[in-house]
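Right after this note come the structures.
There are two complexes below, and they share chain A, which is joined by chain B in the first and by chain C in the second.
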Partner chain A sequence: MSDIYNALAGIVGENYVSYQPEELFFYARDPGLMPANSPDYVVLPKTSLEIQEIVRLANREKISIVPMGAGLALTGLVIPLKGGIVVDMKRMNKIIKVDERARYVIVEGGTSQGFLKSYLEKNYPRLRHSIPDAPPAATIASNVIIHGQGRLTQQYGFNSDMVSGLEVVLPSGEICNIGSPSISPDWFSKGAPLPDLSGLFLGWFGTTGIVTKVGLKLYPKKKIRDVEIFVTDNEDLVPDMIYEITHTEMVEDVLIFSQPLPMMFKDNHHVSFYLTGDTDEEIEFKRKIIWNALDGFIRNKDGGFMSIPPAMKPSLLEMPQTSASRLADVKKGGGFEYSGPIITVEKYPECSRKLVEMSSKYNLAYSGMVRIIDGGHCMMFGFAFTFNRADPDMMDRTRNALEEISEYVLKIGGVYWKPTVAEQKVAIERMDPNTRYLMKMIKDSLDPNGIMNPGNWEVN
Partner chain B sequence: MKYEDIVHRCFRCGYCKLTGDYYDFNCPAYRKFMFETYSPGGRMWLIRAWLNGEIKNSERFQEIIYSCATCANCVEHCVFTFSEDLVNIFIAARGELVNKGIIPPTVRDYFKNISISGNPYKEPAEERGKWAEGTPVEEYKDQEYLFYIGDVGSYDERGKKIARAMGNLLIKTGLSMGILADKENSDGNEVRTLGEDGLFKYLAETNISLFKEKGIKKIITLDPHAFNAFKNDYPDLGGEFEVYHYTQILAPLMESGKMTLKDLKLRITYHDPCYLGRHNGEYDAPRRILRSIPGIEFVEMEQNRENAFCCGGGGGNFFTDILGGGEDSPNRIRVRQALDTGANIIAVACPQCAKMLDDAVKVEELEDRIEVLDIAEIVAKAMG
Partner chain C sequence: MLSLKFDEDTCKTCPTSDCLVKCQYMDFNKTEAKVEMLKIFSGEDSPVLHDCVTCYGCEEYCKRGNHPFYLITERRQEKGILTAPRAITRQWINIGEPLGKYRLGDIKKKILSFGFMPEFLKLVKGRLFEDVMPSYIFGQEFFCNVVYIHFSNTAIIKERLPVIMDNFRKLGVEEVVCMHDECYGSFTSLAPAYGIEVPFKPIHYFEYLYNRLKELSDDIRPLNVKAAYQRPCSSRLSSDKHHFVRDIMELIGVELVDRRYKDENALCCGDIFGMMSGYELKNDVQKRNIDDMVDNGAEYCFFNCPACQNAISEKVIKRGIKPLHIIDLCRMAIGEEPEMEV
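And then the complex of A and B:
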């Protein structure tokens, strides 16, 4: 048994550290298409202090650390590219505090989206958070670290914009509070009115520290929630429709989906928008405003409201949507992967055409999954393909399609979301050199030994 | 391996390890070990890796495969169309390990004891019916029902108390029933879930022959595990019987108002046994019984019915104890969940659950705050 194993066992207890082949196999990969790489150890810490000790040990031993939530990003962000210690955060799953009146929650770094949703429903029925459509085991911390999006993203921006404070174990081992908690007991802001240091950690994929607590803004939960779907077969009109819908400021979430099956969906673009209210009158008022906003498209016979079958509605209203995970088994093969660039809504038509083109070129089943961000400033366009894990050729075709899309989206002005390591390299290469230099200074300064999730956001 | 064509279809999204409302992790093995490898998705990926030769058999691999309590929480909550087969896949993987002779020693010993002694306790067959001594319960001749007890009710001290309580109760209600006593055999449910298909078939066929020879048409089981085997597995082997768990017989009798019951001033919560609840969909009968007892205040645990947290005894773990030990062992977690309700009684409807939770109450040093009683024992109390 190695000294490192003994040291880790001394920190977290021997039941919560492993170097067994079974754990090394599992934690070497995620459900996506990236190549596996084995860690040397997997640990399950329970406290920030344990993480602090692990980080100090890693610095002494010059061994890598990869913090991991549920490992569901699909783009290999928690695959330990240089081995080392995978820190599985899920034993740190306490909800520490809910401030009902200031509408924020403080959670430990391994708390899952599903647990927070359920906890709020049971204890604070007038509050909600921006839950993503990732499986409910996805953690709050990892979601904000990858700039995830959720059900309130159309209204309030990326989920990382909703952070209201952080506790971070720095790569050097200090435990550091970020935002208002750095000088106040109240976690109401990640930055303002102070210098916003949260940007040193959000979007960095754990390469600048391990987030051990997250303050997250909560929002009013209305009594009623409903969904409408406006359908058009003309993708060129979708940006106009989104512009009109978001102009009303009446909607919660706005999604667009397109898929070839069932046949009634083929070649259509389904703009789903969600309405919330405390009374039927409120819902009807909002519905009427939106109907009016889209009336011109109906009169021109460019689109219309879809009659949603009663059996379909619960699925559309559930949070998270299990259909997002079910996509993985369309080919009875347990896999799907998507490229989800952040891009302006005006690029919807060309992205949509590209998705269909790639599907045809590589003979893959596709799904277009779009979420409007922050009132329409941009969108996440998900180019999604489902694949069979037991069919290496189909997996290769999926990889090739995604690589081609990856090249394409940069050309049309998109920015990668939760990029693979290869995409990170491309992004860094094409980045403004001064921005690149700033990133390097930050990384070198915070993590001089290069132990934090190495291989990711590496600026050489 | 059977189901080999399915194992690659797991996306490892993790719905399987949660409750339906996502409030908690609800896979007992995952709750104890917390490595993803011990979750249903982890098992799926590791089974595939093992079949592909990417990992080798090891003690750890065996522990991972055998730590599954077959509680079927994953079956209930997996979002994919193959969800129904999840537990079957884990049992099939155990079958592969059994066929290759590479299983944990405790599992091997369980099989040996069953095949040599006919029960996991290495007790002689003559001891099987001893629990009934001093009760009016008679051996089966041509009564309407066979009252089938099972290994735990026949040999375990805690189980025997429950068997006595239920036996007395059935007689008091005037039901025509008898037991097989020393002729009773192991039902084989745990043998099957531990992966010894050949031994299971032998036990099942022996039982089916015996039941037919004696003209048995209707069976009441004490143990939900036996209920599951008789109801779901025996028909495929030619054993078509009318099978009831005792709560299903007792519930209508209690509600008929024909039984004289005294007030019990108890605050009771109920723990759903996996082989009565999730495996067979019977959630209501035990609750109907408890609600028909005057004076009882019934409170649900947060995780109940389809979302009940397993005591950790299923899938043979009652005997192999792979999930035992430590404050995160499932039975200790379950007892703490019960304590959160403020109940002073945990009602159960399974001798295995009773023993598991009893042990946990002792380890947690909660004897002065909460007690584990089988529904049969509670009704017996109410009948005075």
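And then the complex of A and C:
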């Protein structure tokens, strides 16, 4: 038994640390396509103070440390590329405070999306958070660290834009409050009116510290929620349609999907948008405005509202949606991976054509999954493929398609979202050199020993 | 090449031109109506080709069996005049494409046809059907395809319907009880109009229900409720069977409310209008229709077509009316639980 194991057991108790291969096996991989790499230890702390001690230990021993939520990013962001300690945050799952009037919640760093959703439904039925379409086990902290998106992203931006304060254990071991909590008991802002330091941690994938508490903005939860789907066969018109829909400022979430199966979806692009209201009158008012905003497309026969069968509606309205998991089994092997660049909505037509081209070139089943961000400033275009995990050739073809797409999206002005390590390297190479220099200064300054999730966002 | 049998002289000598005069969505007097129909016949453009909302009503209003709506549809397709957005038309054509995923029950000489409406897989059960079930068919391979007249596309019908007939022929069935009157209309109205041979005897399910209820008459407990009937577009293709609605309601003790939008004046559920024309027409028609149900004291709204039921159930519930399929209403009358009560 190693000294490090004993030290970790001394911090968290021996029930919450392991170096057994059967446990390390699971912490060596994620559900995507990236190759596995085993950690040396996995540890499950209960408090920020325990994390502080773990970080100090890692610094002393110059051992890598990888903070982990549910490990569902699919791009290998918590695969411990250089071994070391995986810090599994799941035991830190308390909801510390809900400020109903100021509409925010403070959660511990391992709190899951599903837990917060059910907690709010039970205790604060007039409040909601921006639920991503990830499994409920996905954590709040990990989601904001990767700039995730959710059901309120069209209205309020990336889920990370909804952060209202952070507690972070720095790589050097200090516990640091970010935003209003740095000088106030109230967690209402991650930055303004102070210098916004949250950018030192959001988007850094745990390479600059471990987020141990998150303040998250909550929003009104209306009594009624409904969905409509506008369909077109002309991808070139989709940006115009999105422009009209978002101009109304009447919608909650806006998604676009295109896929060849089932047959009812073949050859078309489906703009689905969600309406919320406290009364039927409110919903109908919004519906009428949006329908009329799209009337020109209907008159020109360029698009129309599809009739949504009642059996289909519950799955469209569920949060999170489980359609991705159904897609994952199209090839009967449970494999699913996507490249989801952030890009302007104007690029929808070319992204859509590229997806079909790659599907044909590599003989893969596909789905295009788009979420509109922040009133249409940009979108996440998910180039999604499904594959059979028992078919190495199909997995290779999927990797090749994603690599080709990855190259393509940068060329047309896209920016990688939750990039793989290889994509991070490409992004860093193509970045403005001064930006790259700034990133290096930040990283070197915060984590001089390079122990935090090494391999990710490494600027050399 | 299949072509529509439409007789110009029948139209020319028509004393009423009811096909367009009675239209609830366009306004023509008798003289204008005749002129427009003859223009359409001769291949000229007409406002009818642009404004018809595809309610199928003219197929019923024409008492001379001359198929004005099929003619309008033919001409629209020839001229490339789309009724619905291209994507919606494409979606519907894709939905009906045979993929070999049909379902067959224990096929006998007499079968129930569910067409391609999955709702019937749930609805059709109990004593009303025990003399035929489980002899049934379901799937695109037996889908009548008539719905494409909504989309000014008879080409797809001409392509698919003969194949569908062959599929029935291969089953060797003699009698087909059509659970959706679009199928019945396809086999008794559209197929003959295009000279397509139907290799079995089609039976409208209203007639089947009526006869079964008479056989089960000792078990009927009158429901003693007031109900409004949501008549679907497709029943215009088999208006000779419409009387069974009243006949069945009398058997099960349901009072059909006397309302403005009934029988020939029935309003469409509006679903197709939304896809084709947008918000205003759909919501205007649905509002007038449901107001009329409410104003005349309907406790139930019963449906013939599951698509109509899907389209307006939620709205009628919000007005305090219970939506049910006619099959469920009949099952309630013989003491069974409705399958799809909302």
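Everything that follows uses one rule, which is that the second predicted complex is superposed on the first by the 460 of 460 C-alpha atoms of A that agree within 3 Å, B and C clash if a C-alpha of one lies under 4 Å from a C-alpha of the other, contacts with A are read in each partner's own complex, and residues count from 1 in each chain.
The criterion applied here is as follows: a residue touches a chain if its C-beta (ideal position, glycine included) is under 8 Å from a C-beta of that chain, and two chains touch if they have at least 3 such contacts.
Nothing here was measured: the structure is a model prediction, and the numbers come from that model.
For the composite obtained by superposing both complexes on chain A, the positions of chain B and chain C are free of clash and fit together.
When the two structures are aligned on the shared chain, A:S184 is found in touch with neither chain B nor chain C. In the superposed model, A:T435 lies in contact with neither chain B nor chain C. Of the two partner chains placed by superposition, only chain C is touched by A:M264; chain B is not.
In the superposition on chain A, contact of A:D233 is made with chain C only, not with chain B.
By the touch criterion defined above, A:N6 lies against neither chain B nor chain C after alignment on the C-alpha atoms of chain A.
In the superposition on chain A, A:R91 contacts chain B only, with no contact to chain C. In the overlay built on the shared chain, the residue A:R389 is in contact with chain B alone; chain C does not reach it. More residues of chain A are touched by B (comparison of chain B with chain C).
Between chain B and chain C, the minimal CA-CA distance in the chain A superposition rounds to 18 Å.
On chain A, the patch touched by chain B and the patch touched by chain C do not overlap at any residue. Residues of chain C touching chain A in their complex: 82, 84-88, 90-91, 94-95, 97, 99, 118, 271, 274-279, 283, 307, 310-311, 313, 318. Of all residues in chain B, only 8-15, 17-19, 21-24, 33-37, 42, 45-46, 49, 54-56, 58, 60-61, 64, 79-82, 326 touch chain A in the complex they form.
Those residues of chain A whose C-beta lies close enough to touch chain B in the complex are 15-16, 18, 20-23, 25-27, 31, 42, 44, 70-72, 88, 90-91, 112-115, 117-119, 121-122, 135-137, 322, 325-326, 328-329, 332-336, 388-390. Note for the complex: chain A touches chain C at residues 231-234, 263-269, 280, 287-288, 291-292, 294-295, 297-299, 301-307, 309-311.
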